[in-house]
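Look at the two complexes coming up: chain A is in both, with chain B in one and chain C in the other.
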Partner chain A sequence: MFSFVRRRMYTSALPLIIVLLGVFLLARLTGDPTSLYLPESATEAQREAFAQKNGFDQPMLTQLGDYFTGVLHLDFGTSLRTGESASEMAFRAFPATLQLAFTTMLLAIVGAIVIGCWAAYRPNSLADRFSSLLSMTAASIPDFWFAITGVWLFAVLLGVLPTSGTDGPLAWILPIATLMIRPLGVLTQVVRGAMVSALSAPYVRLARSKGAGDLRVVTHHALRNAAAPALTVAGDLAVGLINGAVVVEAIFGWPGIGKLMIDAILQRDFAVLQAAVLLTAVSIFVLNIAIDACYALLDARVREPARV
Partner chain B sequence: MSTQLDLVPVKPTTAIVGAASTRKSSRAVWFRLLANDRVAACAAAILALVLLTALFGPILMGHVATSIDLDNSNQAPFTLAHGWANVLGTDPLGRSMLARLIVASRTTLSVAIPAVVISAVIGSLIGMWAGFYRGWRETLAMRVADVIMSFPSLLLAVVVLYVFSPSAANIVAVLALTRIPVYLRTARAESAELQSRLFVDAARTFGASATSIITRHVLPIVLPTLLTVATLDFCYVMLAESSLSFLGIGIQPPDVSWGLMVAQGRTYLNSAWWLSFFPGLAIVITTVSATILAAWARIATDPGQRWRLTVPQKRLSRFAKTTKALS
Partner chain C sequence: MSSRAVLAAGVAVLTVATSGCTVANSGRGGYDPNTLRIVLSQEPPTLEPCESSLTSTGIVVRSNITEPLVERDPNSGDLQPLLSTGWRQTSPTEWTFDIRTGVTFSNGAPFTAADAAFAIDRAVNSDLQCNVDGYVFGDEKLKLAAVDDTTLTVETEKPDPILPLRISFVEIVPRSTSTTEKVREPIGTGPYAVENWDFGQKLTLARNPRYWGTAPAFARAEYQWRSEGSVRAAMITNDETDIATSLGPEDGAGDLGVPFQNNETTALRMQATEAPLNDMRVRQAINYAINRTGIVKALFRGLGDPASQLIPSGVVGYNDQLALWPHDADKAKALVAEAKADGVPVDTQIRLIGRTAQFPKIAETIEVIQSELAEIGLTVKIEMMDTASQLQYQLRPFPANTGPYLLMIMHGNQAGDAAFTMDQYMLSDGPQAAYGTKEFDEKIRAAEALTGQARQDAFAKLFAEEPQEIMQMAYLAHMKGILGKSPRVDYTPNSATGDEMRLSEMTAAGSDRTDAQ
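Presenting the complex of A and B:
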């Protein structure tokens, strides 16, 4: 199993390295990096001093070396806005996003398993219709609009939920509901599909003929085999959750990494943006490894390197 | 090997045979299939209406959308008291919401359609090419697709649009780049599967070049699947553009897109809900239509399931009931 995870690590590390290189190259592609780091209102003297201080007058290879040393030391420079270390700001914002994403994923997975299993167990039932409605919603509702309509309905009209902020459990409802649309819809469809094929498999018929109860057949026999495809999709969705987190955090004023990124962009604070993007890329890398490890635990066939 | 050929699932290979002579009647068949499914026909009609609005609406309503009338600011919708153009209400500057929605539809579609077309063409070509040759070309293409896919698309857009100024062309480029892997993977899988088929072998034996095998034998079979994927992807790209515009790094004022209108209306949520509700509704209606049409296209292009669309809906549900009762 460890050899499997190690093998996957190399392939997952490639995107990470490309992101690192990409951020470096993008910052230099526009010609003058100072125009990227400094706000548009900076004076000529400020620009020169900044270029000198950060070594932008050095040859490209030296700059690349400095850049990688900086990344290894978690040193991305200081924020132009607050003067704080950019990586510290990113690390401070990170837990808020992580909490949000984790809760959302947990609820989405549980919800998808319940609705998906039910829909597969009783085709054409209410749950089946509900699951196709969910997947339709996931593909077609803009999350920012859902969030704003939710704020209008529950905060402005009814006044039961706060419009933004993080205090109290009530403040979590709208952000999580918004973030959940997509993962829940897609996952329900995947669980349903996998369960439909698992429930018609011979081992389920065998379990039934042994006299296993309906609930036991679903939870112990079918679901275990349906879990592997759902897990892969859940991993992709967790990566995609970053997309939603940016929007949701911007709307609800959630002090997470997504809001940090948008603020950094709107205030032209490249050092902070860089730190936030790289931190996100690293966490995606770790997530991919964790998913592969889970996958190997679930499915014995993956562990053995059968060449495909 | 010869027994295996029979086991390969049936694909619309007939589409190639005599395509020129039967094209007219096959188009009529498509129309009949569409007309039979009322929901899909509605979806297609809505999409056509949106497209026509985007094409001709700005010419007719362009001057209304920019005429400022501060006496009529933030008028509530659903009343004809302020003229028919203000039936969906007015914005804080007294401009007609309806006219602004119509003008915005052009911006939204002029980002979404080019992005889908560019990514579909590039992705499918590379995918078919990789699937045709296999070997290192395939590995390379798939690795690149993996790299792009493993990075959240919005994050990529955010970084690129920070470095390069957020213009419509740059948004199209970023969205196209992030969606290429979707087509690449689909086209590669189908193309690789086709390489073991008899007609491709025959074409090879006759000495057909790679280009002609890809365009004449692979493309016609892969095309229906790719079109379905593209219809579904249209939703994704539209939502992505709207998100970017909403966040302030997409379409920039004074241009207007549906996503930007939602963002602009957000400040007035307390007093004028229609400012951000209607543009969002326009997005939802368009994307729902595209999703329904994609679902229909998936059934219509699958010869194994196409019969479902030839049976009138009422009889189909009765048929479904009987099978349920039998099982």
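Presenting the complex of A and C:
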């Protein structure tokens, strides 16, 4: 298992370097931050002093070299906007996103397994129709609309939930519901499809003939074999959430990494943007390794390279 | 296997529960009647007092945490004493300020003329690149001297008849404040002091027990921020906040939304150095094509007044005799046709640049203007940009080889004097001016040297002459803002509310005061 993880780390290093390079170059293509930070009537000398202080007067290659040197020392520089350490800002925002994403995915996976298994076990039943409706809804409802409508309905009209913020458990419901609807819909369909195949497989018929009960057939035989495709999709969806639940964080005032990144882009706060992207990229890299490790646990063929 | 599954599920539940508590407990929760709850559209990037000209900083800092020597009454426009009890011009280039006695900073240090001299010098003469320096003082350097504890002299390079007005923009900080780094949480003499700043989530101010004036009604003020206007409005209707700033007419605050005249004026700035906009007839045609009254009525829902100049009433220099430029599409078409017949390339594509979310309904406004200009025979392409990109077109040096463009601008004259507008937008080399003439520059400089009624008349005349001589702008509207206000708070917003929201003017509804702490 250790050698498997080590192999995955080596193969992920290059994409990580490409991400670092990409965010550095793309950030600088979006324009000069000077106008945002200096007074409207700043003189040319003041602009030059600003550029010098922040290293923008250096050739691009020098800036790139300084950036990579900083990354190696975990020093991403200082935020132009707040004057704080960029890495501190990123590390402070990241747990909020991680908590939201983790909770959302956990609930979505549990919900998808229950609904998907039920729909597969009873085709054309109420659960099956509900799972289809859920998938269509997930695919067609923009999360922005869902969030605003949720605020209007549950906070303004019914008064049972807070509009936004992070105060208390109730404040988690609307952000999680908004984030969860898409993963739940997608995963439910994947689980349902995989379970339909698994439940018609010979080993399930054998288990039934040996007297296994319905619950045992579903949970111990079919579900384990149906888990691999669901795990793949769940991994992709989780990456999407970690990458920044931007809309949800912006609407609900959730102090996460997505909102930090958007603010950094709008304010041309390169140091914060680079720190936030790198932290996110590393997390996705770790998550992918974890998913691959789960695969390896589920399937021995993944653990060892093919032998001829 | 099943024991492993149970263990994994247990770990997962524990992690979620722990993580949930981490975020959930980060807020204070509940609501205290002695706490004023305010939701802003964005978090202040800093509370550095010399950055108070930035709206997102000034709305929290000015007159709440720190105070200036003199303050401008937003209703009358008159200067009022604050940390200075009186001021006079003691020579053409020198002003003397009498410093208030018995004032202490929130850290206990006494306030004297030396602090005032230090704070002004720090904001204006240092290398901190303070926003107030560029916005209010430009290249001007000041010589400051604390004659004694209660007397401050300020010497200017040239005679400056409105120096006290400029000084009203400088927030006073103690001599212990850094002169090499900007501070994030300042010390001041204001009615409140920073209690806690949970960055990204909440900023709490607490009553300054050493405040020299009357103690404010609320013991605490708690700021949060939500970027979405409809969420801010929902927080007001759901009683989650007492004050919500920057609401739009369709955000849903209902009766809790209080309209008020702000300082902002919207206009299209025409890049008159590029053909076909370098032809006066084309610029006049654009002005004739725009139906200001219709836009204000239909898009802004009456929350604004059609504009004939770049400053609203109440600002020194406003010309109340200046009529709106008439809406006349036929005349506009005729002018475009006439220019075309003379060889002006009116078919050249003109870029119409707007800043996303600059004001409510900006996207629709831009689309309406594009349609109106297309109707008179101009080819206009819409480009919506974020703030940083749009600023490249708004501030000198402008990008090269841009072709002709019309730029939607929104100008707020916080100072109450037309000189600040003229310097920025009307001088031929003004930081935000696209076009001008040396002759008009001289008229501006002459007006700026005047005082009193002569100053008012001179600026008013310039606003009447600009469309005839320069016509750099197609004015759109003097804007109105909407402030969400809970029934439990008494407060009347004024033209300065968007830039400087004085918490000490807010009281609990139904009683003059909330119980003191």
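Note that the second predicted complex is superposed on the first by the 268 of 308 C-alpha atoms of A that agree within 3 Å, B and C clash if a C-alpha of one lies under 4 Å from a C-alpha of the other, contacts with A are read in each partner's own complex, and residues count from 1 in each chain.
Just so it is clear, a residue touches a chain if its C-beta (ideal position, glycine included) is under 8 Å from a C-beta of that chain, and two chains touch if they have at least 3 such contacts.
Everything numeric here is computed off the predicted structure, so don't read it as measured data.
Once the two complexes are overlaid on the shared chain, A:Q267 sits against chain C while remaining clear of chain B. In the superposed model, A:S197 makes contact with neither chain B nor chain C. Looking at the shared chain after the overlay, A:V19 reaches chain B, while chain C stays out of its contact range.
Using the contact criterion defined above for the overlaid structures, shared-chain residue A:A250 touches chain B and also reaches chain C.
Looking at the shared chain after the overlay, A:S3 reaches neither chain B nor chain C.
Once the two complexes are laid over each other on the shared chain, residue contacts for A:W152 go to chain B and to chain C alike. Residue contacts after overlaying the shared chain place A:V239 against chain B, while chain C stays out of touching range. Judged by the touch definition given at the top, the superposed model places A:G168 against chain C, while chain B stays out of reach. By the touch criterion defined above, A:I284 lies against chain B but remains apart from chain C after alignment on the C-alpha atoms of chain A.
Looking at chain A, you'll find residues 30, 36, 148, 151-152, 156, 250-251, 266, 268 touch chain B in one structure and chain C in the other. Considering their complex, residues 30-33, 35-43, 46, 49-50, 81-84, 89, 92-93, 95-96, 98-99, 102-103, 106, 148, 151-152, 155-156, 159, 162-169, 171-172, 250-253, 255, 260, 266-268 of chain A touch chain C. Note for the complex: chain A touches chain B at residues 11-12, 14-15, 18-19, 22-23, 26-27, 29-30, 36, 123-124, 136, 139-145, 148-149, 151-152, 156, 236, 239-240, 242-243, 246-247, 250-251, 261-262, 265-266, 268, 270, 273, 277, 280-281, 284, 288.
Residues 143, 146-147, 149-155, 158-164, 232, 235-236, 239, 242-243, 246-249, 259, 262-263, 266, 269-270, 273, 276-277, 279-280, 283-284, 287-288, 290-291, 320, 324 of chain B are the ones that touch chain A when the two sit in their complex.
The residues of chain C lying in touch with chain A in their complex are 12, 15-16, 19-20, 22-24, 26-29, 45-46, 53, 127, 129-135, 138-139, 181-182, 184, 199-201, 224-228, 230-231, 234-235, 237-238, 240, 252, 386-389, 391-392, 394-395, 423-424, 431-432.
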